[in-house]
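Several structures are given next for inspection.
One chain, chain A, links the two complexes that follow: it is found with chain B in the first and with chain C in the second.
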Partner chain A sequence: MNNNQSQNVILDKVSPKEFLFSKLAISFYAIIFLFVLGEIILPGFISFSHVMSVLRLSVFLGIVALGQTLVVLSGNEGIDLSVGSILSIGVVLSAYFLNGQNINIPKALLLTPAVGLAFGLISGLVISYIEIPPIIMTLAMASVVEGTSLIITKGFPTGNAPPLLETIGSGKFFNIPYLILLWILLIVVASFVLKKTKWGHLLYGVGSNNLTAELSGVRVKRFRVFVYGICGAIAALAGLFLLSYTGTPYLNLGATYTMPSIAALAIGGISLAGGNGDYLGAVIGCIILTTLNSILVALRTTEAVRQITYGLLLLILVIAYTGRRKR
Partner chain B sequence: MSFILEARNLKKSFDGVVALSDASFTLNQGEICGLVGANGSGKTTFARIISGLIKPDAGQLYLYGSQINLKSHLEAEKLAISMVHQNLSLVPEMTVWENINLGREIITPLGILKKEEALIRAEAAIQELKVNISLYDKVSQLAPSDQQLLEIVKALSRNPKILILDEPTASLGFKQVEILFEKLIQLKKDQVSVIFISHRIWEITRICDRLVAFRNGKTVGEVDFQQQPREERIIIPLITGKKENEDEKGIHEKRPYRNFDTRQVILEVDSLSKRDKLHNISFKIREGEVIGLGGLNGQGQEEILFILSGYLRKTSGKIKINNQEIIIKNPSQAIERGIFLVPGDRQKEGLFLNHNVFTNLVYPQVAQKKQKFILPLKELRQTVNTTIQKISLVPPDPRKLVSHLSGGNQQKVVIGKWLSLSPRILLLNDPTKGVDIETRKNLYKIIADLSNQGVSVLLYASDNEELIANCDRVLIVFEGQIVEEICGDRICEENLIASSLRVQ
Partner chain C sequence: MKNRLNWKNIYQNPSFPSFLILIAIIILNASLQHNFFTYRTFKSNLLTFTPLILTSIAQGLVILVGCVDLSLGATVSLITVLMASLMGDSLLSIFIVVLLGSGLAILMSFVNGFLISYFGPPPLLTTYATSVLWFGIALFFMPTPGGYIPKSFSKMYRSDLFPNFPVVLLFLIGAFFILFFISRTRFYKHIYAVGGNEDAAYANGVNVFLTKIKVFLLSGVFIALASICVVAQTATGDARCGLSFSLNSVAASIIGGLSFSGGKGSIIGPIMGGLILGLLINVLYFANITSFYQEFMKGIIIIFSLAIGAIPKYLKTRSL
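This part shows the complex of A and B:
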């Protein structure tokens, strides 16, 4: 955008002014604003331990949003409405695999994402090769997955998290919950994969113009199948971590995650048209949504008020984001 | 005498980027005035101001002798100004007749569309240009050249007094251009004034009475053909801003004859067919040879390129490389074998518009199988910098968003992204469509360099001059068949046209 004419410019470098008004920065201001607002309404809101507990609650949404980010980045109306259901079945399945035994952890770590991967791959295959719109396919898949978890559990999920996993779910390291540390690791890895690897690079290309990508030598269809697969695997894995937090499995724990996982992306400035945005944006979106939720819970608002406020905030942020683009 | 239209010192910038800095223009009644200039010289911006689509930042506009201030496109239309857009303004999902009537539907007092009258109007409009399309076809189903003609039909059906044509011929075949020119001459007799924007100088010299040249947003000169000769050498220095010298001369000069009989055959295509599109296409390309695909538009040339590049599948026939039969199922396999396609529609097929030059230029390299999972970004940046110099990108900035580049520079990126991968066979699909003369020269030089390095080139161009300037042999395609091969010195405008039309 700026007319830099130098020959060997360093990439990725952004001028300070550009940074201050970037989408990411705007979302970041929103977080600070929310925490300050929380403190005014409810003294003690920005105490370290409370901030940590809010952040810990964001982790599950954050993991789900990673899969969603990949799918949305891959473009062609990419969206995954089955992440909530896959997370739910992830909770149930991992509890079943673990059965309260530490020794079962490797098994659960392997098998739970594998089931999610399978569901994702099926969606991806149908979307890529039969060309069913993603929104329809994943909605259908959500329904299938929900039914499957009912069949598996017969309505009563069994098993529970073993002690080691419970430690991860509720334990802390120097007052920082393990889950948050885990999330930070995930953020670093995901950002690296998106920005510095072949796969990430291809993903952005496929998302912004799949015809160009294909003519440049990418097997676009196959690639997209894989992206949906990964998204499913990540959602199922999020289920395992959610179990580590709740200890015992419940049905449909994931139902409340699908829409927020998409909203978080919109707030974080990830273009729903695909090909633009990064995971950090989604992370900030997740934190905003969780913070807002916890303010509203603290205010003892009704579900109705909460949902209306949710919607309004989303609208305001999206306006702030698109308004900026027009300038 | 007074001008029908006069623009004085128009200025316009977008986001601080100056598009027009000092544009002045005059138009007489009943004349065809050419408007020329390199890509990014402000021609389109100027045309949009005249047609009320954008407002100038400064300057005055006089119409029929009085100063006006166009507030909207609708207002311009009321003043009988019509524009034919370069990026088509048709609604793809609507039918031909709906598009022609769009915005001025004939309705009953209750607001119900009078379809019969609309159809009559559309039919009459189409007949004006002898376009061979059905009123009920959706625009998205039409060939690009028919879409362009429809765009012109739509503008003409508004009975303009001033008609602005922004590169109307870029996607037309020469037969269609002829029809358009006839129509323009007829309009001129009816006292309609036409502004004709084109990169093809010979079109300007043929049809225009006068021309105005823009450079970097400024009016830099005017040529009146009643006093001055209709010659390229007068016009080109105006566009490029350089004094005429040896290497400025004749970018369309015929390349010297080269003999390839002793060279190795790189690509052999044997009775290649595609249902309803191609029939028994056979040809050979030798090492370093530049082969042209000529003929009227849409005779199957693009299909040949798409099949070779793996994007389309053939129904039958063989493709051999170095005498070995190969199967190409997708572009990835073609690329592995060194067959690269420079697609024709750069925005749809060649670029990631919302990404920067760097991302676009390295993409094919990144997509290669042998590329490491963790990208060697440092090396890639260096390759990109070399490529940027090779293609003389302006500005030479890898961080620039591709959508912010001018059309010509975008096209350089589309070609540039293959250069670092050392192609063996380069397929070019009308690479200079809507590209200015400087960029054209640049691309021709790239083609010549590659050919000297032993790369075989298959070039489809809708523009015969381009085939003459670049090719060692030209294959004329007609209705999906190769009907003639023209070699060496026989490659000239007359022969190409005669063979394309199949008149002997």
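This part shows the complex of A and C:
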């Protein structure tokens, strides 16, 4: 069963009927259901501009989820709990590098992901070569990253986004926010890399069985180090885009992204055991979670009610999508 | 799975490195804090560490069976909220509320266990979802920290039973006794069997479903004990007070030599891991590290401890 599915993913051969009832399609129905629900509760929820603003909010989670997708796909209990804090430090660092000047954008675009890459590589090295469980290593890394951003800012982040970046963050092209267009580009590129390139095939290969991958000549350990590195770089880049949206940096903006980035994957039909699923699933998972959150925010409920509803729905989604009856 | 210690190969025992780290950190702490070996310091350390040690045992059991419980911290918070909102001054009310809180902790742990073993979703995500849920419920009843805990209750917790024997030690001794008795049962072997290889355990006639449920119930008992300690120590109900326990207890278990995939390691490990983490925070405090560096240092030291913890596994693969 599992093998068949992963083959389907790689070979891209799915019959139309199968597609209608696939996890991806069901997730898509869930989005439509949520938007209809939102419209019933709050008229105007489904208007074009509001849908766009909900989608724009899911872009940041979506970018973080891309890194998470790569790590989870690479298997061996792969998971990255440091994405939230790397995103946070990405916001702080890019604001510091940019300092409100357009001319600094190339510098920030280069240096911010480089720092994320460094953090990710360190995690990856320890995970691959010292064989520490990813969940706990990336958790400790989260502490280190959070500590680093405290040390460099002394508690008060400085700098802000330059005008050009703010245009990207809040501007629109024919009523479609630039960020969404950027995300679509990212989805296309990521799907292409995962499905059509050698690297993508290696990722699925390592994720579904790292022994066979090793025997086929893949340097699995080194490969996994780079996967964690890329995840870190993407998370830091997400921080740069989040800064383009908020304008000024705050500490710990990323804390609320870590667990949702994993939940989005599970909802999108990406197996947490690795080697199975694709980025489009994660994208849909992100949109579901963000829509849910924005319905709850728009209802002007207290934080308690919001957390209870979010927790309950998350529980139902997790069980519905990833549960399989065991003994 | 060997229960008896093998003295010859003790350095290959998964808990051995954590034992070394523990000794090292005690020495470090004692050298930084000149009154470390006095009764006063011993007691205050014990008061601070007990909740972490108890939650680490709870987490360790769950990890041994191949699951993880991220909702443990939120459970502790919710229990403190419940106790602080219901407790009255009379001895009877204290007794009833403590009993009620413990029951709720066990029930909440049971819910996790049931959902995980009945529907089979990943424990990580399931317990994350329940942790959001518990946190929401706690916040609903107590949006800001508060409530009332009678002074007599906290005083009782902080007092000495005999001279030089603090009451809080009773919690740890109780925990040791529970673990000691459990380790003599067949159920304890089933935990390792299910954690090591679920299918093999099932094929050999182990009731996987029931074993997991029992583990979560047992873990609930330790969470309940931890919550009582927290509420007696802080004398308030706070929806956020327990949140750090979830991940710290996981870290303590792994530092203690448990394998995250389950079925490997000894339950003594998480106890040592909890002690290490607690002493670590002490050391950072007494080394006069400014608060900006504390989070950073904590992460570095956890990574360092984990790396040392990986040595026996490394030696084993070398000697094969």
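Here is the rule we use: the second predicted complex is superposed on the first by the 307 of 327 C-alpha atoms of A that agree within 3 Å, B and C clash if a C-alpha of one lies under 4 Å from a C-alpha of the other, contacts with A are read in each partner's own complex, and residues count from 1 in each chain.
Here is the rule we use: a residue touches a chain if its C-beta (ideal position, glycine included) is under 8 Å from a C-beta of that chain, and two chains touch if they have at least 3 such contacts.
As the structure is a prediction and not an experimental result, all values here were calculated from the model.
With both structures placed on the common chain, the touch criterion links A:Tyr204 to chain B but leaves chain C unconnected.
In the superposed pair of complexes, A:Val305 makes contact with chain C only, with no contact to chain B. With both structures placed on the common chain, the touch criterion links A:Ser53 to neither chain B nor chain C.
Within the superposed three-chain model, A:Thr248 lies out of touch with both chain B and chain C [touch as defined at top]. Annotation for chain A, partner touching more residues between chain B and chain C: C. Of the two partner chains placed by superposition, only chain C is touched by A:Leu314; chain B is not. Once the two complexes are overlaid on chain A, the chain A residues touched by chain B in the first and by chain C in the second are 327. Residue ranges of chain A in contact with chain B, taken from their complex: 1, 3-9, 11, 196-199, 201-202, 204-205, 208-209, 211-219, 271, 275-276, 327. For chain C in complex with chain A, the residues that touch the partner chain are 68, 115, 117-122, 124-126, 128-137, 139-140, 143, 198, 202, 208-209, 247, 250-251, 254, 259-261, 292-300, 302-303, 306-307, 309-310, 313-314. Listing the residues of chain B that touch chain A in their complex gives 15, 17, 309, 311, 330-332, 335-336, 341, 343, 348-355, 358-359, 362-364, 366-368, 371-375, 377, 381, 385, 395-401, 404, 417. Interface residues of chain A, counted against chain C in their complex, comprise 77, 79, 126, 130-133, 135-137, 139-148, 150-151, 154-155, 259, 262-263, 266, 272, 302-312, 314-315, 318-319, 322-327.
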